[in-house]
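Common to both upcoming complexes is chain A, partnered first by chain B, then by chain C.
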Partner chain A sequence: MWDKKVVPYIMIAPFLVFFGIFRVGPIFTSIWMSLNEWSGITAVGFVGAKNYLTVINDARFWVALKNTLFFVVVYNSIMLSFALFIAVIINSPLVRGGRLFRTIYFLPVCMSLVVVAFVFDLIYGRRSGLLNIFLGLLHLPHDYRWLDDPKLAMWAIIGMRVWRASGYYSAFLFAGLKAIPIEIYDASEMDGASSLSTFAYITLPLLKPMLLFVIIMSSIWSFQLFDEPWILTKGGPSDSTLTLQIYLYQHSFLFNKLGMGAAVSYLMTLLMILSSILYARILSLKE
Partner chain B sequence: MYIFLILLVGFFFAPFYWMISTSLKPRGEIFLPRFWPSTPVFENYRNLFQTTDFSNWLISSLIVSSGTVGLGICLCSIAGYAFAKYDFKGKNLIFWMILGTVAIPQFVTIIPIFVIMVRSKLIDTYGALILPFSVNAFGMFLMRQYIAGAVPDALLDAARIDGCSEIGLLFRVVFPVVKPGLAILAIFLWLDSWSSYFWPLIMLKSQNRFTVPLGLATLYANPWNIRYELLMVGAFLSTLPMILVFVFMQENFVSGLTKGALK
Partner chain C sequence: MMTSKTRVVFCLVALACMLIGASAAQSSVTITLWNWMKYEESIIPEFEQRHPGIKVQESVLGPWDLHDKFLISLAAGTGGPDVAELVTRRFSSFMETGALTDITDQVKGLANDFMPSIWSMIQSKGRIYGLPMGISPGVIWYREDLFAESGTRTEDMETWEDYIDAGKKLKTGGIYLLPIFVPPGQWGGNQFTLMFHSRGGNFYTKDGKFIQDNRLLVDTLQWYVDLRRTHGVADTIRFFTPEFWNTLKTGIFASWPMNVAEGVWSIAPNMPELAGKWSVMPFLRWKERESATAGIWGGTVYTIPDYSQKKDAALTFMLYETSTTEGGVSYAKYFGDFPVYVPAQKNPFFKEVNPYFGKCLWDQVLPIPPFYYFDWAETMQILGRQLDELFAGQITAEKAYTNMADEIRNKLGR
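Take a look at the complex of A and B:
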């Protein structure tokens, strides 16, 4: 009935309308918003770069930045190494029933971040938490106040995230490992290479595309850390778990400074783009 | 080797165990170092529904998630189909522009969308959560890739020769074939919206409209009176659907995730 030339436009139209209103429009509106002063949801004056300067001059912004970067780097290093380790072991020909293990390792991702936060709040309890009980059983020091100590709180959050994400990402890395043809291993074995050097010089380079994908994906998500530190400690204790997203939330919606919030969101985006470029550079330098 | 893997099973399973065992503990036992309640207390489950708005929260979450999935599947798959199987002016330009936005994180849009929602009186409604999330560039990309691979041109041409209209093609030929792809997209969208906290935190004001994560957080709000046993019941009940869905669709889920990544 309808011409083949017209139909595709009709088909993409709904998507594009929604997309324009909720993605493209806001991305640009946000810039304009960051350049204005706001009273509630009405703009009351163009102020140029003032919001950006206020943010940059705020010490708490730098605390949030430091915390967020600390989290992103430390968490991803630990989590991805762990995920890689798991993937390698499951991929080993010595292991049978890999599918079952992979399913179980994947389950933590079914717990939403909020739920994970609550459960780990109990696990991190001082006297009755599973972790301290466990450490006690091993005769290790176990009187830690994981979420109340400014020095430990961020590590506690790293821990719960590592728990949740390792199984998930190990599935990706496992798929990447599976894609490496067995012949390559046979060839290197014949050449007398040790398993460690095989791993370092053959497996890792071939795994690079998947690794890069996983690192970038995880970094983007981890940069937006909000749920757990907000619910558990509201960014505390003493701003030790204050992240950029929490900072954004506080200024936009609690202090009602929409302009500042928009400025923060752009600074965050800039940082994310810069770090992605950095990652790509580092990984290609490792060649 | 196996020892390590089995230890890992324990490691990954422990928090689930702790969640379930705490949900069955009587109030006084939560802060005692016990592995299992002396007598399992199923009243906690009843209490959660009776003393909190949990049933409202569940309904909210169901509405928001179903809405997002329903709308999202339609928007993404129809557009994906158009990009996969048709040629039209501007196609590549538009497609790559859409894809380009994937690099831009979502929080950049939250403040403007908040303003839109307040101005259009959609704040504190389910629409505020469903509409922005149903358009997902990555989801559309996924569908486009899937349809390009799964729907042979020959099939479409044959149907056209049989007199099928272009729109009819979509419903009668394409839809049945792409169901697995739709299922994967549906799971992604569902998982995302079911566990979402930040956006509902901003968009919703009335407690009885809160989605489950937001609602459970209210049980945590008063540091002097956190009802952990109820919290754990809620935690378990909100996790259970995801586990069931996952185990049920395990085949598609893991391979779908990794297939998308390898592109």
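Take a look at the complex of A and C:
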């Protein structure tokens, strides 16, 4: 009897040990790091909240925060709309080959980001880019500097990310749609509800749990936006694509200010927690 | 069945074999090298032939990946190479870590064999922590045919003003004189610095203070933005993108001030069909200076981390690469860069005519004025943002300078 009680704990002990060392340990280390001035190599100097105050007083931090929030709101709005649209279309009984379409839409997220960035570099090229050439064919203005113009660069990043992520999240929403009992749709059809009413009053409310999960997951990942702007624009032009993650990386690894980088990471964590609570509250209120 | 005597003999023979094997293993040292240019088929075999007791195990990484990982290894005190190749402009930041090997006593006698302006870049507080390999000096790559068609004799160009005048002639035919890299930051800031350095300019003094009232910097910022805004001879483009190579191939840009290695690395391989049309000339003279000098794009430095257990072998490799004629010639031959080691520069190899360009590339390299790198990553980020705003017409050159001075003072304390 004693053995049976102890065995489960013995079984999970290795995981707990590794989790403690490699997950929990670094969290406490980084909290400590954020309260110190440290280049990663030279001596550590305790500075208390100085790193947090330095970050909050840095104009670039607020630029990065503004850019990140802009990206989170705009990108998620556009991407989730697309993802939901794709999921609803694929879920429709009128569409044949749903599995094939799901695979096609999922492919972008499986592609190497470096390859995707290279292709979008070609698409966004000013003189020979596909997008400008296409606009020229439609006799529209087409001399856009998609990645060089501070007003356009973030939109270009959003476009690339929407293309890459819509299919991935549509898979989750598709699963959520599949979980809605078909009898409910039958009942609404018998009651004479239109497609739009059915979507607004039946599909969306019943999809809410999955929608909340997708919004929170997508928001957390979009708060951590780094790869696309770093590869394409390095946070420029004029810091127009500078995100919190790039700001963190620059301070930690380029400027050798690990303490400040750690402080930024905890400010980001706070932001993500607050936004997750906000999403959950908004979607709960609508219930 | 073995007798006891046989067993004893067998054991003794086995022990002797083990000792001989161990001894053989110890007589050969293997050092690890991190670099971003593959030496495996060129420099390493030559070195190993000359130093049979030292093997070099190479790991090729992307340049910025290498710097990040090397920094982490210095912080950890392990996990890195015995020799690392770093870019000169970031070397001062690595010296400040205190985690590099001080090689002053072993190499101080070499000072007179290296270009003085570069020798100063590998020292901190009078101590030496690395050896410079190449310097990436600036030259002007240009399309001889396009200049000729526009009515410019390039041999008559002496100053940067002459260069701009040539650009105005090219512009009448719809051709730009040179590209300006955007967005700045890593590459765009570097391009500006290349020109500023060639003018004898510096951001910092030798002891790391930001130069106050730096009129030369303000004037060069104005000159740089005027290339596009006033004269219209330059256009902005993203660096090293397929579109950039396309513009060079199709003659949208007629010239490219850049480091000497680009000829071998980029122009010739990317545009083989334009052999004989691309040529090269030295940097031109700034009007207020008596003679022309070149800036540097980057340059490389070898260094040994303090945690290395094979410092002697690592230093032997470094000395071969950086301080012998054979090493310097190999580096130039395979990678197209100009060695800092002065005796190597006198080798007949550096008089050979390049068949693609029809000229000796090395004859185009001019003397390099001193330059001081401090907190370079952050300095370039600050400069880059000011260049962005300057080119967007949001600020003047004067304002760009004062913004830069304020930010460097507040953030870097320099």
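In this text, the second predicted complex is superposed on the first by the 271 of 287 C-alpha atoms of A that agree within 3 Å, B and C clash if a C-alpha of one lies under 4 Å from a C-alpha of the other, contacts with A are read in each partner's own complex, and residues count from 1 in each chain.
Just so we're on the same page, a residue touches a chain if its C-beta (ideal position, glycine included) is under 8 Å from a C-beta of that chain, and two chains touch if they have at least 3 such contacts.
This structure is a prediction, so every number in the text was calculated from the model and none was measured.
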- Clash or fit: chain B and chain C on chain A? clash
- Message: Once chain A of both complexes is superposed, is A:112 in touch with chain B (first), chain C (second), both, or neither?
- Response: first
- Query: Is A:270 contacted by the first partner chain B, the second partner chain C, both or neither?
  - Reply: neither
- Message: Taking the superposition on A as described, I'd like to know which of chain B and chain C A:125 touches: first, second, both or neither.
- Response: both
- Query: Does chain B (first) or chain C (second) touch A:236, or do both, or does neither?
  - Reply: second
- Message: With both complexes superposed on chain A, which partner does A:256 reach: first (chain B), second (chain C), both or neither?
- Response: second
- Task: Using the touch definition from the top, say if A:49 reaches chain B (first), chain C (second), both or neither.
- Result: neither
- Query: Just chain B (first), just chain C (second), both, or neither: which does A:15 touch?
  - Reply: first
- Message: In the superposed model, which partner reaches more residues of chain A, chain B or chain C?
- Response: B
- Query: Is A:39 in contact with chain B, with chain C, with both, or with neither (first, second, both, neither)?
  - Reply: second
- Message: Looking at A:147 after the superposition, I want to know if it touches chain B, chain C, both of them or none. Which is it: first, second, both, neither?
- Response: second
- Item | Clashing chain B stretch [against chain C; choices 80-88, 98-106, 116-124 or 152-160] | 116-124
- Shared contact residues on chain A for chain B and chain C? 41, 121-122, 125, 127-128, 253
- Query: What residues of chain A sit close enough to touch chain C in their complex?
  - Reply: 39-42, 58, 121-122, 125-129, 145, 147-148, 150, 153, 233-239, 250, 253-256
- Query: Can you list the chain B residues touching chain A in their complex?
  - Reply: 1-2, 4-5, 8-9, 11-16, 18-19, 22, 30-34, 74-76, 78-79, 81-83, 86-88, 91, 94, 98, 101, 103-116, 118-119, 131-132, 134-135, 137, 140, 165-167, 170, 194-195, 197-198, 201-202, 213, 216-217, 220, 228, 231-232, 235, 238-239, 242-243, 246-247, 250, 254, 257-258, 261-262
- Query: Touching chain B in the complex: which residues of chain A?
  - Reply: 1-2, 4-5, 7-9, 11-12, 14-16, 18-19, 21-27, 29-30, 33, 41, 86, 89-90, 92, 94-95, 101-108, 110-116, 118-123, 125, 127-128, 130, 133, 163, 167, 171-172, 174-176, 179, 210, 213-214, 220, 223-224, 226-227, 231, 245, 248-249, 252-253, 258, 261-262, 265-266, 268-269, 272-273, 276
- Message: Quick check on the complex: what are the chain C residues that touch chain A?
- Response: 68, 71-72, 74-75, 93, 96-99, 182-186, 236-238, 241-243, 246-247, 252, 375, 377-378, 381, 384-385, 388-389, 392, 394, 411
